[in-house]
Amino acid sequence: MSLLSSVSWKGWDSMLRYILRRFLISLATVWMIATICFFLIRMLPGNPFIVANPLDMTNAERLMDYYGLSDPLWQQYVRFLGNLVHLDFGYSLAHPGRSVNDVIIQYFPVTAQLAVQAILFGIPTGILLGILSAYRRGSGLDYGTQMLTILTTAIPSYVLAALLQLLFSVQLHWFPASGWKNFSYTILPTICLSLGLIAGYCRFMRTLMLEVGQQDYLRTAKAKGLSNIRIIVFHQIRNAILPLVTNLGLEIAGLLMGSYVIEKIFSVPGLGKYFVTSINELDYTMALGLVVFQAVVVVAANFLVDLLYGIVDPRVKVA
Amino acid sequence: MDTRELDFTPVPESSRDADQIVRPSTRYWPEVWKRLFRNRLAVFCLILIAVIAVLAIVAPILSPYAYDEADLMASNLAPCREHPFGTDKTGRDMWTRVWVGARASLLIGFLGALAPFLLGTVIGATSGWCGGWVDMVIMRICDIMLCIPSMIYLILLLIVMGGSVQSMVLAMALSGWMGSARGFRGRVMQFKNREFTLAARLQGASGARIVFRHILPNILGNIAVGLSSAVPGAIFMEAGMSYIGLGVTPPRTSLGQLSTEGINFFMLPSKFHLFLFPALVISLMIFAFFMFGNCLRDALDPRLRDEEYNARRLRSLRRALRRGKKVQA
Amino acid sequence: MLKRMLSCILCLCLVFGCTSLSAAAENDTLNILISAEPVTLNTLESKSNLDTYVFYLTSALLYRSIGLEVIPELCDTMTVSEDGTTYTYTIKDARYSDGTPIVADDFVYFMIKNYLTGDNAWMFVGGEDTINGSLDTCEGIYALDDKTFVVTLAAPNVTFNGKLEIYPVNRAFVEAKGAAYGGTPADLQYSGPYILDDWTIGTSLTLHKNPDYIYADTYFPVRNVGLYYSADISSRYSMWQNDEVDVMVNVPNELVELLGEENCNKYTAGNVVGIEFNTTGFTYTEGDGFQSRGEDVTALLKNRNFRMALCYAVDREALVDSISPSETAFNRYVDPNIPYGESTYVDSFPMENVIPLTGDADKARECLQKALEELGYASVSELPKLSYLCFETDVQKMFAVTMVSLWKSILGLENIEINMQPIQSAIMSMVFMNYDLYTQQLTLNPDNMLELLSYWETTGGVSDAAGFQASGVPSFMASIHANADYDALVESMYANFDEASRYADAAKAEQMLYDDFVFFPLYAGGGFEIVKPYVEGWVNPYLENGYGIANTTVAAH
Amino acid sequence: MSERLLTVKDLRVSFMTASGEVQAVRGVDFTLDRGETLAIVGESGCGKSVTIQTVMRLNPEPPALIRGGSILYENGSVKAEITRLSDREMRAYRGKAFSMIFQDAMTSLNPTTRVGRQIVEGILHHENVSRAEAKARAIQLLGKTGLPSPESVYGCYPHTLSGGQRQRAMIALALASNPSILFADEPTTALDVTIQAQILSLMSDIQKENHMAMIFITHNLGVVAKMADRVAVMYAGQIVESGTLRDIFYTPRHPYTWGLLGSIPSLRMDLGTRLSSIPGTPPDLFAPPRGCAFAARCPYCMQACLSEDPGFYQVDAGHRARCWLLDRRCPREVEAPVGRDRTVRKAEREAE
């Protein structure tokens, strides 16, 4: 269904105006987030330059001055905003010579790849299972998926990861246990990430299918003499999937932030891990850079999903 | 033409009640409870939760050992009579530790599920009820909060306040209210213009009163379900935090912490108990809450369950009928 | 739509599948599972010993092996003037991997930028000026020509001998790179045996042999080195079992038993960990300077019997053994690895009236009783609260928690509270004396115990709040130990070039510390490492400043 | 000689729920000829909808379950026992033989699919025509239902149409592959009166034009009077009285029918007469009463009514009722309190 012919769009101009407005709001949002995080992170106690040796105090103080961290906070904030406008996040404090931009450019793709793989594998599988178990309620498959959901809910991910490693690396020697070189390294983390997705979306889709299943228009479709498959595919699934779309935005955003636990266990060079480490190291610039970047990603994702939703669901009026 | 003996004497109105055959009209909640307690699984889960809760409260008090009492001479004992769950590497009694941990996890589970919800409800209600710019502002804040990785507040709070149950709960409340706020706002919006709300309004009831006396009951069911399924989430959050090293600080402990420490031993028969018992208890806990949530949902909305419940039996029944048998339902 | 998604997955699988196939297995590679990543490749900023592996990438002037004999690497000759203040070095012909020749100025630049710090500047002529003015030249350190440079000391100093890990850093290159220096493999010049191909932060470093390295033909037979990092213990186990690595250094305690203690070899790393008591009696805050921590607290901490009671109460052997078998319970104030003649200093000079490592509960109670009498307390319940500061690392947490619980059960002390903090903030509180007890970790050069002993010197002869308030000494220089004789003895050792008598003095000094019992030694840091049978001639790089694999070979497997 | 299309005999339908079996339809029989309109009247929950949905086998099985009876559909050569058909076989009949107009077009049209597409779907499924033809047909149908600009409506989503338009679209959809029997399940209840009239006349026009048979479900007797040839009154899952429009309106014989008729105002009614209503509530179909289902509420109840279920009594050709009052042995002579004859007689009496 093309964008123009859909009745809910009152022509291009209103849409463009809408997009523009949303864009400005998004910018404001990013700025707010950046500000909040700036002050939040500065509230963390400690001095980023202290390494385990207390005799380095002079050095630490020298560096504090050198990086202008002894200036009043507002000055630093202004400087930070200035750099932000130029999209320059500066250099890491804890790791001399490491540029925040480089880290993002180099490792966001990793997080993204993992997220995309997990989504491409997890969500369709989940939806499919959900549909099947809704269609065959009370069948073995239905109970199977329910079991899966319970298992994935009742076992912490680090336990799950360890089990996967022991099975696939230690016992079967199929995939490497940890690291990041080629595709074979991505398999275990992907499985680990997507199991949760599968379970969640399976449940979600199942309930949605059952809800839609109660609707009158399915009866109408049946009265037209359509085959069950056609009814399910063209009427039931189609209406059931819509609510998933809104959910998708946050889901993707969440995954793009990277999962600390998974990344730590499989030592995946992902942003989620760097973010936590940088906060633990009080690496202000790195932490801030990552937060702001992730904020941008999330905001963008939501923005796109809203547009997408406006397109796929005619009932939603845009603007 | 039948020849049965029939009595055609009229029966006076008074002697029969026109409604006598009508089923007694049933009220909502009693029905729900009836359905709930008819469901074996639900009862089992309730009992499980109760047992764990009771043990968590009582076991540490009865146990002869303190949960943080180290005894280097009795380190790494396998489960035995005086140490039912064995001891850890500094000889602390695992039985006591597990139940003290369960205490923390349960607290965090309950409060961690409740706190964000309450916060969210209040905010969502205000936003939904007031509408206009208030709504706009609150929803913007909501969006912004959703974009900030909750890791920041968590770490900050846990460093500033020290890793304790309170700080965990506070952190969860601060990082988790957005979802329920949005949901509740939607509900309020939806109910705002319903007849009964208007009626209440006409009787001059205040906004807050209407929201909490008239609207809340209407969605109590979903809330109950939401809460009971949020508990495992909260418990897990704590476990994850402990994995990162931000959980409750030692010597205080939680199941998350214990199982995280234990996970490294689960290949090691001699220390397997360090992993087994905490993991078992936490999994049982999560399972119980999760399943109970499901049962509650079914109890609140029996239609789906009825179908599932009968699907199998009815298929066979219909088949039999096709074969032209006489079937008793 | 499902179909499209599925096909996408298929494509992905194919694409990556091919790439994974193309990545062929290289032989003659040594894969090491390291427990901590280098902080930075920036040789000028690199401070912590986590950067051990950076030494694979750069060669030194001279360095000392475990046996402490000086091994010249780039150094050709070293001459010391009669008065022992002027050192003149000439260097060999060598190049960086990018072809730039290594010149004397590179060493000078390194010494000024990295080696000269606030706490050792006094040693060199003009050192203080350089630091205070943060110049990049120093009066006492300069190059004569491309092949020769000179270091002039303010006074003859035995400790300088030791500080020989000086690395060439090209001034021009650093200035060209600016802040980016040492950020990525491309931002570094390689003078060492290996060149860094790739550093995937938090995951792995891959190195290949540097053909221009001066000893390329004789040493470092291994062609490629892979350094893998994993923060997760069970992952490390899986990696080892899955033959993804050939060597695992710092085997986590949890895995030692799993891998079999007999298969792992244990080493002591040369840092001493113990409990420090804040006997200075004050706290320092940025705003309002020095403040007293309270008379009663200070009195209690200053009381030797109390300190000894705490020590007697703990069975250190059992404690260390149960919490962290990779460490060794230890009863001294200096590095266990310092060699002396045939054996080590520690064995040659035993201490007198030591507190047994196994502890002694009765003695402990006895000491505590004495302490109470001296301080005039009727029972332990009256004692003031003490805060025990410790890092939020698994092992340290464990030690702190356990000891507090032991003190509780054996001495009935309820007044010690643990104050757990992440490393940075913990050190801040330590530096500002915001603690009563603190788990101190003393890292040192194996060949120079003075560095450690000087840690206990009284700064500016003052050791109380008032004194410090008067003399503007920064708080972190505050000494927790004040003993004039000790100060004198240590001072004299700096000029004493006769090793035998110097070590004897060291033993005296250490005995003094021991008698004052300023510090409650817990263990000497160490670790396990495990090596696959087909790896020959492995030496732990930590002990050899990264030269551990100089003679390591990997047999076919 | 009228042509018989549908013969329903002793149809029994139950719903299986966890709390027991609900006997929604308990032995219903009626017939339907080509071109005629049968109206089924009754309170809500009396099993009207279930009955016709069973004829189309629309209600999900389970929980619905046909416990007995037969539904015979014959149309020229085609002859089918609907109750015995499998779902797959049934598809051929849905939409083609029968189709249905539902009460609430808003919920009965798929909100996320364009109206046109929903119609075309049906056409394409039953006859093999090209999309283009199907589209042309759909637009033509929409036009037929009196929608102003069929082309634009074709591309609309249901939520953008008004209630009346939606119902018209619904009709077009029902007529897509001109069925021989059209079921209308309270097609006008959701609409306001003026629109109702239009829709009704539209339906009867279309019926005449396509010469369809129609079963019309409603509880609005006015509508019945306007549309129906024959009427069946249902109560508690049973037909209690059936006959021609005249029979039911002029000479009703069942107390329940009297009740229904009494509850509608009529112009001839002299001022001051209160509208009668039927006291009490219909019986619980979990456990239907042993005797006459209406007995409990019937003002003329007798002992027999409570103990025995009266069979049908043939009043005259094509007019039957289930009531003991009609039994030859019954001593009481009860005069219908409502109905045309009575009012006429009343008028004459006053004239004297």
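First chain written, first letter: the chains are A, B, C and D, and each begins at residue 1.
Quick note on the criterion: a contact is a pair of C-beta atoms (placed from the backbone, for glycine too) under 8 Å apart; a residue touches a chain by one contact, two chains touch by 3 or more.
Keep in mind the model is a prediction, meaning the values are calculated, not measured.
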Chain-contact steps, minimal, separating subunit C from subunit B: 1
Innermost chain by mean C-alpha position: A
Centre-to-centre distance between subunit D and subunit A (centres being mean Cα positions), rounded to whole Å: 54
Averaged-CA centre spacing for the pair subunit B and subunit A, given as whole angstrom: 26
Separation of subunit B from subunit D, taking each centre as the mean of its C-alpha atoms, in whole Å: 47
Subunit A-subunit C separation of Cα centroids, rounded to whole Å: 39
In subunit C, residues with contacts to at least two other chains: 234, 237, 422, 425
Touching two or more other chains - residue numbers and ranges from subunit A: 45, 158, 162, 166, 264, 280
Junction residues of subunit D, two or more chains touched: none
Touch relationships between chains, expressed as pairs: A-B, A-C, A-D, B-C, B-D
In the complex, subunit B residues that touch subunit C: 68-73, 75-76, 89-91, 159, 162, 245, 249-251, 263-265, 267-268, 270-271
Subunit B residues within the subunit A interface of the complex: 140, 143-144, 146-149, 151-153, 155-156, 159-160, 232, 236, 239-240, 243-244, 256, 259-260, 263, 266-267, 279, 282-283, 286-287, 290-291, 303-304, 307-309, 311-312
Touching residues (chain side subunit B, partner subunit D) in the complex: 4, 6-11, 13, 16-23, 302, 305-307, 309-311, 313-315, 317-318, 321-322, 329
Residue ranges of subunit D in contact with subunit B within the complex: 14, 16-18, 21, 61-63, 65-67, 84, 279-281, 283-284, 286-287, 289, 296-297, 299-308, 324, 327, 329-332
Subunit C - residues contacting subunit B, complex: 233-234, 237, 252, 254-255, 257-258, 315, 318-319, 322-323, 392, 394, 397-398, 401-402, 404-406, 408-409, 418, 420-422, 425
